[in-house]
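Read through the structures below before going on.
Shared between the two complexes below is chain A, which has chain B as its partner in the first and chain C in the second.
Then we have the complex of A and B:
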């Protein structure tokens, strides 16, 4: 078939793809409301926040995506992967946010790559990493490409959202993202070989949960999550 | 059966159907090389209550490390209530804590866990925790926290909080509240990130159980 996995990865990482990426801040908005960045006086905290995420919650996401990809390629039912992800995502607000995003991805993917619908219901509320993993399986992404995509996307989400929330120079933002490359590679390398739901990392980040819960109840906000 | 090692468990008076056990340190705890292991197995119509008579301090370990492992198995309706006192990780301590809980049909558990980084006036040592809970054959909660210095102080982890206080219920849920995490399966975690343990309001959450 005529799909190049590299082009698929570029498409999936592109905020212009209509999956609602611009509505996400990866928890940065509530963290800024709580004081991250000190009103522009400690902008380095944005990069630290992205790095903390890549060592914790993003590792759970990337692991779930890699295992979902493996399950889809093996013709296995994806429910155990979704359950393992849910057991590692204690905040109901963050599970709901991920499933809203998963729904948007699935709606798109069902039309662009219909093979996805052989594995997941088109109208399902499925965790975003599970959907991304299945898209990866259907379009020929390798395990490491799938994990890298998740790692990059999370860091880029934080950095891009920071431009709307704090007085950030866009070139500084690009420098932070570049400085995070080794972290993203390390993450991709750590999860690329996973095949079982029980192996998915379970690295928690208590403040991410606190902010996620708080943000879900907030009315005035720029980002959904 | 109660056996003594680093901890000395003592049976306390309790009504029928309740087994109440106090954990008392048998000597100085927790020092480099210490490996505390607590196993709780209960079957049938019994409620096990574990109380700690004092908090625990993990002292400076000068390059060494210590472990604190808890293994719980409840089946056929047995329940567990465990009110932990503050677990203080002093400067220079290096501690791994693991909690593994398996719940069978009709069983439930409630736990209070207060992790404190540093005694008064110090930053505190390294603490890593692993929690693994299964309800029947399903994972209910799996969580690994790395609370080492250099890993914990960011805006994603603990910020400048020095105490991670939690009431966790397994097999049943706490009432809805903004800062109560409702697990996908039957269970909840009410968590407080506070500067000092005594400022947490989880004592009230526990009392209302």
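Then we have the complex of A and C:
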């Protein structure tokens, strides 16, 4: 199809791709409201938070994306993958936020990579990792590229949002992100071989769900989730 | 997406505190009886404006929705309008058929204008308290928004601003596009605003309207390869192929053939 998967991965990881990424903090805002970073006195907690996500909720996301990619490539219906993801995402608010993002990705993908519409409805509210997995299938991303993308995107969302929420030096943020590379590789490696919804990791982080749930009712917020 | 529920999407932009929310409340108060309306707000902290508008009691509260901007009000109406578009489409779906959806931008600086992918037309709001020379300084919203409002004219005597002069400056900067001197305490000006919204709604409905992008840049000139002075207006006409899709036909205005 003449498109280089590596370039597709770069596009998908780029915040300038219009998918509403500027409204997301990967749960950092509610965590900061709950005390993470101690008003700027413990900024190292931001990197730890991103690492914790990578070992828990992001693993669920990456697993769902890899399995969605596999299902799309195999011509299978994607509902079971979305269901398996939903069963592993207890917070209704976080499920809604992810599905809203999935809709933003679908709106883009429907025009940029129309093949996606052979698998998912253009106006669907479908979990973001499932949509990303299908985009990966259509554009030739490998399973490990798809998982790496999810892992990187989550960590980058955390550190980018930290610049708006706490007194962070942007170069420190880039250092944290770089320090997370081995973690992201480990994550990608752990889920790259998954092919069935039942294999998607079920490792949650209850506080992330509690924060996400609270944030949906929070008035003074900068970020959607 | 249901094509039949497409509303006239009207953006309201302008610097902080110039009266965008008040203008939207005014439009709702004046027109809620004749038109089916919805409102989207973009604020620094989520729902400040939405709450203000809901508490004004001019529109059913569920027709007023807030979009988070992640502290990027500029991005939200220009570079990545996705969350705003989704919110507009949701309103259009939930309250079909809507006639007009008003989208308030987060108060930003003079360069922030709406993308034509989000709105069909836009109002740029200045106020006299910001100083009489703001209109003369120009900028994309001032020069090329579909309507420029010079608001709070009732305050002019207190801030030493000559409204007539300010409007004349604005008209000079706008090449004939409308300027409205507005005050909530001046019923005649409120009637003119109402009239403009109704006329614009009719024009957009008739399909005769082509969204004009004020663009992020002021008109500027440079000397071309052949020594010609070229003035870019960046006021691009946009052909709507279908909802929200713009085809950019960059128009370059050749000013003077001026060689050295």
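Just so we're on the same page, the second predicted complex is superposed on the first by the 225 of 225 C-alpha atoms of A that agree within 3 Å, B and C clash if a C-alpha of one lies under 4 Å from a C-alpha of the other, contacts with A are read in each partner's own complex, and residues count from 1 in each chain.
Keep in mind that, in the parts below, a contact is a pair of C-beta atoms (placed from the backbone, for glycine too) under 8 Å apart; a residue touches a chain by one contact, two chains touch by 3 or more.
Here the structure is a predicted model, which is why all the values come from computation and not from measurement.
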item	value
Chain B versus chain C as contact partner of A:137, first or second or both or neither	neither
Partner chain in contact with A:25 - chain B first, chain C second, else both or neither	second
First, second, both or neither for A:100, with chain B first and chain C second	second
First (chain B), second (chain C), both or neither touched by A:49	first
Contacts of A:164 with chain B and chain C, given as first, second, both or neither	second
Most chain A residues touched (candidates chain B, chain C)	B
Contact residues of chain A, present in both the chain B and the chain C interface	none
Partner chain A, residues of chain C touching it in the complex	1, 44-47, 51, 67-72, 75-76, 79-83, 85-86
Chain B-touching residues of chain A, taken from the complex the two chains share	27, 31, 34, 36, 45, 48-49, 51-53, 55-57, 83-84, 86-92, 95, 198, 201-210, 213-214, 217
Residue ranges of chain B touching chain A (in the complex, touch as defined)	130, 138-146, 151, 154-159, 164, 178-179, 181-185, 189, 191, 193
Chain A - residues contacting chain C, complex	16, 18-25, 100, 103-104, 107-108, 122-123, 161, 164, 218-224
